[in-house]
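In structure tokens below, several structures.
Shared between the two complexes below is subunit A, which has subunit B as its partner in the first and subunit C in the second.
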Partner chain A sequence: MGRQVAIVSAGFSEHASKRSDVSMPELVNEAIMDCLKKVPSVDPNKDIDAFVNGNMPAFEGANIPELWMTDWMGARNKPLMRVTTGGTTGGTVAIAGYYNVTAGLPGIDTVLAIAFEQQSQGDTATGLASVAYGEISILNTLGISYETLGRLLSAGAAIGVAAYQATNYMSKARITEEDLARVVVHNRRMAAKNWWAHLRMPNLTIEEVLDTPYVQYPLRYGMLCPASDGACAMLFTTEEKAKDMCDIPVYVNGVASVANETAVLGYDGSGSAQVDPSAQIGAMRSSELAYAQAGISFPRKEIDYAEVYSPFPNQELMWLEKLGLFEETTAPQMYENGTIALDGDLPVNCSGGVNSTNAIGASAMERPAVAAQQIMGTADNQVKKTVHTSIGHGWGGSLNLCTLMVMSDEPQRKWR
Partner chain B sequence: MEKVGIVGFNQVKLYSDANYGRYEMIFEAVRGAIDKAGLKKKDITTVISCTNDYYDGRTISNCWTVEVGGGYLADESKCEMDGAHAVLYGLMRILSGNHKLAVIWGGSMPSCYPYHSARLYETDPTWERPLGYVNDITAGGFQMRAYMEKFGVSKEEIARIAVKNRKNAAKNPLALAESQNANITVQDVLNSDVYSDPVTELMVAQPCDGVAALLLAPERQALKITDNPVWITGVGYSQDTYYLGERDLSVSKSMEIASKTALNAAGIKNPKNEIDVAELFEAYAHEELIFTEALGLAEKGKAASFNSEINGELAINPSGGAIGGNPPCATGLIRIIEAAKQLRGEANGYQVKGAKKAIASGQIGMCAQNNILFVLEGNV
Partner chain C sequence: MSKRTERKDMGYIKKDYVKTRTMPGSWYLSSYKYKFNISHMQPFLKKLKEKKLIANQCSGCNRVFYPPRLVCGQCLVKPDRWVDIRDTARVATYAIAYLKDAETGEVVERPMVLVHHDGTDTCNIAELHPDVDVKDTYIGMPIKAHWRETTEGGMMDIEYYDPIEDDAKDIK
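For the complex of A and B:
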């Protein structure tokens, strides 16, 4: 059986649209240094036993960048594993960090997990275009011309699929663009109190968001996440060692990464298609798995804080429902009545979320990292209530893959 | 470390140009492994895939393989290294107690992309890539030269490894047809085209199309699923530094560290006597010699005189090794599968008699920067 795993520290680099002052390895190093400076008793040379790393390699034009970054991470002559799954890469890296520790392989107790992205090095939209398609040859066989494919491409990348999802969700929940803008305002105002966040707008209003042009109905320019450069690092270790390293270790009690069918557009070589991209069976299944591991039966009552992965505002509403925190279609009300605010009953995305900071490879790791910091009481935008249990969520693939990490200030065995 | 069982595996035939879809190939491998083990899709709790976005020419290359790889609504992830590293992640997931059956698959189709150009994207983008002077092929040349100069090993001795592996591959029906040659001579290898002096074409493990899949289960479940599981009893992996100038290319430090960890975990004191068969991922013929020394099977510089034939002192790469076919992202996984075949006595035509313990390795990076070694034991 696996061992109990604890998070002892999390660190971030500064995020901005162009971090041209640093190279990719230096950016990664910045996050690692921030992570390690919070645990002064850890000697990076002696105490870190293994590394897990990941990003979305297509964006920067560097394949398996860990190879040449080795020394910037301090991984020379140590075990290193690279995992990557697109938008969920960060979540996947954090989960792999958990599995590295829990497996109990000889000599591996403390693991440094690092996720990063320096999008200014390449072109993200080009990199994402090939995700939205199925196999081009298969689409051709079905009689879809290159011309039509070109139009699909413009609907492709992340915004194309997110717009489908947004309209589906809006019609189900019967909400307006104003409700979407409210989510954006919450995120950007929260980001203003977070030192590493990218879009910090303390005085943003709903009117200002609605005053920006459409990119694709119903999503306006002011509602979209930025493209950031940034990195995040987390330190995982065993329960015993964690107690010596920090005051309040955060125990990882449940993890899951579940993929639904890939096809979104309705015709494809690999599936019969998700009819409703806001149905998100993958998210529901991942929460089922992770909550069961953590012994959570009533997520709404037992979870004190949630960080969800929402580059687009409609997704934040959708995830909160799909992850069992609110009843279906009720999330927009929670934004209206302040349940999700900093001093609310169930605060959400007080880091500013992905909507304010999106270094894609790192984003899904920043969610569990902030959720862990909220339990430790060291988050930059610390919530008012005491957080005992929190979740960090990630989303990626072609709308279909979800990662989830459930953390608590008490070890898993107590509740299972 | 608790024992974890290999309960099934499957590999598609390797082709230089398979001429059928990547997804069909993945399906064939994964479905075959599950069918052979007498299991069903619903039994799968976790899937670890191994692909590379650059090799597959698309972002999130595991995105469209969810269904064919058995990942639909299962806990899935991707390891972007060698297939052997994906097995490591699968192993960790089984050891965690969260999962009871892990599917690990890996593979790629280099017939659809220029493999060596894709590998160029692995180099340092600021200092090395613009010149293109340091790449995976020239690095192989540097490594072979360093090994020859330091220990006074001749080209002929290295060519002999290529000859052995290509002759072994001829006995392996799944090996790449172009690599199979029962009548090859040392002269043939030395006279083939120069890749990067002193490496010649026939010393190179040629990239080819292929996918392989492997199933892992905890000890208790493994014994229920099959009568002859193969046990993973040790694993070690390590990453060397990147810059070739900072490394001693005539040895493999990462393999030395990896083998020490793995052999210790499995309680093996004297690998030369205790191990019966080794399947090593040698990207070039000379790497097999370097690894043989790093594993402690031969003294430094003396691996060339070590008898590694199928009926020799210790059989190395009886299946033909990576020289018998090198599908990127699957090669290390195939090494583990071949070692498991030997332990189950299923290696028809290239079986090592009475094989009880085996080692299998995987690698990534230039001059095998990151190595991983597994110790496997048969079910006795």
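For the complex of A and C:
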């Protein structure tokens, strides 16, 4: 079996809709410096053995960015690889960092994982079109015109598919838009206490969210995630080295990355095998795998903090149920009675979540990074209770890929 | 700006950054060539011309795919059976798009639906009859395919879906 892996530090760059003051390598460097600042005993030249890097391809219009920003990462003459899986890129980069350490390769103990995105530099619509172009062009050959498809998918953005998911979830859980707005208010108010978050709105109210126009029913303009520029870095190392590097190392006890069949569009224009886009069997399976590795039998009782990937408010509710934290269709009640609040029983997304900060490549990594910081006790918006076990979740692909990382302040002994 | 597309500032703390030099560039997507195999679609498209619907079925898990698929995601085998299916369907899920009319400039509400054909296990993207009121759309609404007068053997031979009377007893 592999070695026990620990997270010793996590760092962020400042997030904004247009980081016009920095170039992409400088943005990455900002996050790395923030990460290394917290572990002064680590010498970046000597102690870091390998690098993992990733961002969403085609969003900035720059390919192989990892090669021309090598100097800014300090990765010269060191093993470097890039992984990218669309929306879950960050989650996969973190998992790749974990794999690098747990594999036990000679001479590779400490790995720096970096995920970033500078969306203002490129055209997100073109990037998304390049993702879906293959699917769309075959539908064109089958007789559906591009204009019709654009109308059907509402210009191809992620909201087009998320709106279907939202309608389904709302009808299943019997909730109204007010419940969705409540999730948004929670996220944005939490983000206001977080120095690196993007949409910081300390005084947002449910009425203000419901006052904004619809982008696509049931999602309103005020409920959508922003497009941010930002980067995130995490430092993974072995159990032995972690004790010298920081006070409270966070042990990674379970990881999973599971894909289901594609939803909504399907491949080759063949439609979706997921009749209900909010069923998310992939998420349930990923949680099963990761919890089994971590030895978690009762997620609701054993997990103290959750960071879920929720660009849209309905997804936050959905993931909490699919990841086994709440019973089906009960998540909206937990937002009403304050179970998920900062001082609640199971705090959720106290960093503001993806709903407030969405640098696509980085956001799935920010989830485990914040969850790790909550265990270390160094998070900006630290929860009131002591966090022993936390999860960081990522979602992406064609509505179908889920990554999950389970962290704890104790190393896992059960399966090793 | 119409009221529906008005953007409101919700008390967002903004920060201004110094600007660096930027250089414009473009990425021309149409210069890429994507290849597909649509041989498995041919029987389906031929039947569409006759205003009939068929779907293929996986012999491993008995799932019925409409439109036909090249491979079953569960069993990793090629679906080899062809089955006839009805033209009635149900709304699997829907969303309402707010789109500007190109001619008048007015924002129109259109329900966009995923339809789940009776007897199949997949759903695909489609449109409802333009006269359907968005407030009347619901999940599980029974609908029926509306064919074009002249069919050409393409997916757009089904112009849109007409709502039909709901005779299910469990929905009130």
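Definition applied: the second predicted complex is superposed on the first by the 384 of 416 C-alpha atoms of A that agree within 3 Å, B and C clash if a C-alpha of one lies under 4 Å from a C-alpha of the other, contacts with A are read in each partner's own complex, and residues count from 1 in each chain.
As a working rule, contacts are C-beta pairs under 8 Å (C-beta built on N, C-alpha and C of every residue); 3 or more make two chains touch, one makes a residue touch a chain.
Here the structure is a predicted model, which means the values were calculated and not measured.
**Q** Identify the partner contact of A:E261: answer first if only subunit B is touched, second if only subunit C is, both if each is, neither if none is.
**A** Both partners, subunit B and subunit C.
**Q** Look at A:Y164 in the shared chain and tell me whether it touches subunit B only, subunit C only, both, or neither; answer first, second, both or neither.
**A** It touches subunit C, and subunit B stays clear.
**Q** Report for A:R285: first if it touches subunit B alone, second if subunit C alone, otherwise both or neither.
**A** Once the two structures are laid over each other on A, A:R285 reaches subunit B alone.
**Q** May I ask you to decide whether A:G397 touches subunit B, subunit C, both, or neither, giving the answer as first, second, both or neither?
**A** After superposition on chain A, A:G397 lies in contact with subunit B alone.
**Q** Is A:P202 touching the first partner subunit B, the second partner subunit C, both, or neither of them?
**A** The answer is second: A:P202 touches subunit C but not subunit B.
**Q** Touch test for A:P277: subunit B only (first), subunit C only (second), both, or neither?
**A** The second partner, subunit C, only.
**Q** Regarding the shared-chain residue A:N77, is it in contact with subunit B (first), subunit C (second), both, or neither?
**A** It touches subunit B, and subunit C stays clear.
**Q** After the superposition on A, what does A:Y99 contact: first (subunit B), second (subunit C), both or neither?
**A** First partner only.
**Q** Just to be sure I read the superposition right, which of the two partners does A:S23 touch: subunit B = first, subunit C = second, or both, or neither?
**A** both
**Q** Quick check on my understanding: which residues of subunit A belong to both its subunit B contact set and its subunit C contact set?
**A** Touching subunit B and subunit C on subunit A: residues 23, 58, 61, 130, 134, 261, 268-271.
**Q** Which of the residues in subunit B come into contact with subunit A in the complex?
**A** Interface residues on subunit B, with respect to subunit A: 1, 21, 23, 52-54, 57-60, 62-68, 71-81, 85, 88-89, 91-93, 95-98, 118-119, 121-126, 234-243, 253-254, 257, 261, 264-265, 364-366, 369-370.
**Q** Residues of subunit C touching subunit A in their complex?
**A** 3-8, 10-13, 15, 17-20, 22, 25, 27, 29, 32, 34, 36-38, 41, 45, 63, 65-70, 73-74, 92-99, 109-110, 112, 114, 116, 121-127, 134, 138-139, 152-157
**Q** Under the definition above, what is the set of subunit A residues touching subunit C in their complex?
**A** 16, 18-23, 58, 61, 123, 126, 129-130, 133-134, 137-139, 141-145, 148, 151-154, 160, 163-168, 171, 188, 192, 199-204, 208-209, 211-218, 221-222, 261, 264-273, 275-277
**Q** Considering only the defined contacts, which subunit A positions touch subunit B in the complex?
**A** Interface residues on the subunit A side: 1-2, 23, 51, 54, 56-59, 61-64, 66-71, 75-87, 92, 95-96, 99-100, 102-107, 127-128, 130-131, 134-135, 255-262, 268-271, 281-282, 285-286, 289, 293, 396-398, 400-401.
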